[in-house]
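In the two complexes that follow, chain A is the common piece, with chain B as its partner first and chain C second.
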Partner chain A sequence: MIQTLRKPDRIVQPCGFCGGCGHGVIQRLIAECLEELGISDRAINCVDIACCFWTLDGMDLDGIAGPHGRLPAVATGIKKTRPDDIVYIHAGDGASYTIGIAETVHICLRDVPVTMIVVNNGVFGMTGGQMSLGTTLLGQATTSTPRGRNESSNGSPGDFLQALSQFDFEFAARGALYSVKEINRTKQLIKKGFQNQMEKKGFSLIEVLSACPTNWHLSPVAANKRVEEVVAAQFPLRVYKDRGGMSDG
Partner chain B sequence: MAGRKAYADVSLCKGCGLCVEACPVQAIVQTTQLNEKGYEVIQVDADKCIGCGSCYTTCPDYVYEVR
Partner chain C sequence: MAETRFMKGNEAIAEAAIRAGCRFYAGYPITPQSELLEYMGAHMEAAGGTFVQGESEVASISMVWGAACAGNRAMTSSSGPGFDLKQEGIAYLASYEAPAVVVSMMRYGIGGGDITAGQDSYLQAAKGGGNGDYRLLVLCPNSVQECVDFTYQAFDLAEKYRNVVLILGDGAVGQMMQNVVLPDYVEPNINRYDWVIKGRAAGEKKNKATNLNWYMGDRPWEAHIREKLHRMQEQEQRWESYLVEDAELVYVAIGVSSRVAKQAVKMGRAKGLKLGLIRPITAWPFPRKAFEAVNPDVKGYMVVEMSIAGQMLEDVYGATQFSKPAYCCCTGIDIPVAEDVLARAEQALRGELEPEVAL
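Right after this comes the complex of A and B.
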């Protein structure tokens, strides 16, 4: 089958992200999934205050930006009042696992049928690359830990996806973007998140390990290699939870 | 995938080089030529391209169309 590969129609502006940033790929995967499932017209994009904010302008979808880290609460409100719309959250790891962890826990507990995509790049990207308490790896140099994250003074990172997956909600999985194979796998996870919502199942949480070449001070290729060799070893790529029975990869 | 080729709109390119790394047949090369935004852009060798779409999949800036 010869198929033309072309940028989805719902992406209407050139990407505003830094060169090599994973957000651009995630934005495209979301738009492709919405297009393939035929739900672009009723999708509502809930974006957080961070790099993902660019997708509000970049995508021709209904969208809303809420206070930093509170998007699960905003999305819960939208989904409760407009249950037939497809509501998804596009947020970063700082918003979801640090400043907004309370909202993330609550949306898991409420099991609202919303799809949440968390972009985990291990730093506070838009504010200049400071340490993210939950996800910056030990030894990693950031703007606020220039000599590397130190366990005695900065504490240790944690696997929030694993911790959250003990709650009773629909789907939790982690993907990455460092190779064509992993990008395709991540797309399947995001698609599964949207399908769960179309079938009026519960809450779906998909974390995507992404590179931040600008704040890691690496070339995009070296940053992707770091995700593959270092970050994915700390945060395993697999399906953590699926009530519908997707195999535990 | 016979006959399918990758076409690049280099005005969108930011020269990140992810496609150069992803291309299985080394059909994409990084050049020192600048686009209007000032990024060093890539170039596709159509003779080598097998139309697999790896560049489209990896590119974060939607430079490629594979047809």
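Right after this comes the complex of A and C.
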């Protein structure tokens, strides 16, 4: 069967992300999932104020931005007001696991039927590549850890997705974007997150390992190789919880 | 059908909000306003709304930001250090001109302060508090009935101006109990405004709840905000004046202090002292118009306030353009006592007090 690749209907302008960045791919996957599930007309885009902010205008949806880290709370207010709309969060790891960890924990505990996509690129991208306390790997050089992150000064990163998956909510999984296979798998995870919301199930959390070539000072190809070989070894790609019983295949 | 009930100020605010169509409340417990949150927890669900006990004040106001942008009549409440934490979300509400109602039942002190009544969040409430050049429409009840009436009006005012309305009470007003007449229920409609965010079909104009200047352009947006604030400043000044036309000294006070000051006026008048009272009902816009009716030969003004150095003082000097001396009767942690407030006025009238310097 011959398929013609085309832009999803709800992406309406160039995204503005750096070359090789995963955010744009994730934006496309979100738009494709909304379109394929027939829920674009019901969707509301909740973006954090960092790099994901670009999708506010890129997506032809009503949207809302920030405050930094508070999107799980913001989305809770929206979903409780409009329970039949499809409310999703597009946020980074700094927002979700550092400044906004309390909000992330509590949307899990409340099991609000929202789909949250966390883009984990291990740095604060928008502000110039500083350490992300939850996800920057030991030894990794950033603009705030120029000699590499060391444990004694900065502590160690943690697997927040795994930790959060101990709570009673619908779905938690981690995907990546370093190959076509992983992109397709990530799309299935995101789609599952939206389907859960359509079926009035609980909270879905999908973390996506993403490259930040600009702040990692690597080419897009080398940055993707790093995600595959280094980052994914620290943050395993799998389904961490699924009350509906999604297999890990 | 009007209904009368014996209620606490904090509870009355919550009940009035539900009757006004508020269907989303998020808050974090803090003394002396926790009864408001508890009342919402007990009654919001039956009204078909959502009650969330937030993980923090920051999260609570962020939920209100989301709910308000989605078209709900939304509210949060706090006090003192909790009100500090709301400022981020209040500024976000201001950035999109999203209407919401915030309640601050002031408590005493700096930082954590104390859990008892105070009035020293005045400047933070009246002058802003979060990032940027915005104002809140600040309504100051001094009775339980006003807690009802102002809260009920607050949602309409918030939507009229697309502006956050703050109910600025104090711990004493929140804790006092009186009979109140409750208004009828309003049923909200979350789709009544074209600026709300919701799911929309392709081809429909989309709303982006964020800084409006990015879509309006900086200069047109600045002009728009400036015009709105000036319009509110002109149209929304509210106050109660009491015996100011012949007064030699006029108290200026809000909340619990205004109740005591009024008593001091009555006691003074009984002794032949010509005292009066201006009670700002709006802390912003400050009711400068109220000062136009004051005896032109008034010898001075006296701010009665539970603060340390006099927060409303600069607004009084602003209203009088420094044409008259102003004094402070700052009682700090103590609720003012009418005899002391009267004695302070007598001192001022005898020339024994230096005018207070506005900091």
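The rule we apply is simple: the second predicted complex is superposed on the first by the 247 of 249 C-alpha atoms of A that agree within 3 Å, B and C clash if a C-alpha of one lies under 4 Å from a C-alpha of the other, contacts with A are read in each partner's own complex, and residues count from 1 in each chain.
In this text, contacts are C-beta pairs under 8 Å (C-beta built on N, C-alpha and C of every residue); 3 or more make two chains touch, one makes a residue touch a chain.
As the structure is a computational prediction, the values presented were derived from the model and not from experiment.
Asker: Clash or fit: chain B and chain C on chain A?
Answerer: fit
Asker: With the two structures laid over each other on chain A, which partner does A:Ile44 touch: chain B (first), chain C (second), both, or neither?
Answerer: second
Asker: Now for A:Val74: first (chain B), second (chain C), both, or neither, which partner does it touch?
Answerer: So A:Val74 only meets chain C here.
Asker: A:Gly122 contacts which: chain B (first), chain C (second), both, neither?
Answerer: neither
Asker: Quick one: classify A:Gly20 as touching chain B (first), chain C (second), both or neither.
Answerer: In the superposition, A:Gly20 touches chain B alone.
Asker: Give the label of whichever partner, chain B or chain C, reaches more residues of chain A.
Answerer: C
Asker: Students often get this wrong, so check: with C-alpha centres, what angle lies at chain A between chain B and chain C, to the nearest 10 degrees?
Answerer: Computed from the C-alpha centres, it is 130 degrees.
Asker: Pick one for A:Asp57: touches chain B only (first), chain C only (second), both, or neither.
Answerer: second
Asker: Under the stated touch criterion, which partner chain does A:Pro220 make contact with: chain B (first), chain C (second), both, or neither?
Answerer: first
Asker: Quote the smallest CA-to-CA distance from chain B to chain C in the superposed model, rounded to whole Å.
Answerer: 20
Asker: Please write out, lowest number first, the residues of chain A touched by both chain B and chain C across the two complexes.
Answerer: In chain A, nothing is touched by chain B and also by chain C.
Asker: In their shared complex, at which residues does chain A touch chain B?
Answerer: Of all residues in chain A, those touching chain B are 2, 4-7, 11, 14-15, 17-25, 28, 179-180, 183-184, 213, 219-221, 224.
Asker: Considering the complex alone, what residue numbers of chain A touch chain C?
Answerer: Residue list for chain A touching chain C: 9-10, 40-44, 46, 56-57, 60-67, 70, 73-78, 80-82, 85-86, 102-103, 105-106, 110.
Asker: In the complex of these two chains, what residues of chain B are touching chain A?
Answerer: Residue positions touching the partner: 1-4, 12, 14-18, 20-22, 39, 53-54, 56-62, 64-67.
Asker: Touching chain A in the complex: which residues of chain C?
Answerer: My answer: residues 23-24, 26, 50, 52, 54-56, 58-60, 62-72, 74, 88-89, 92, 190, 197-202, 206-210.
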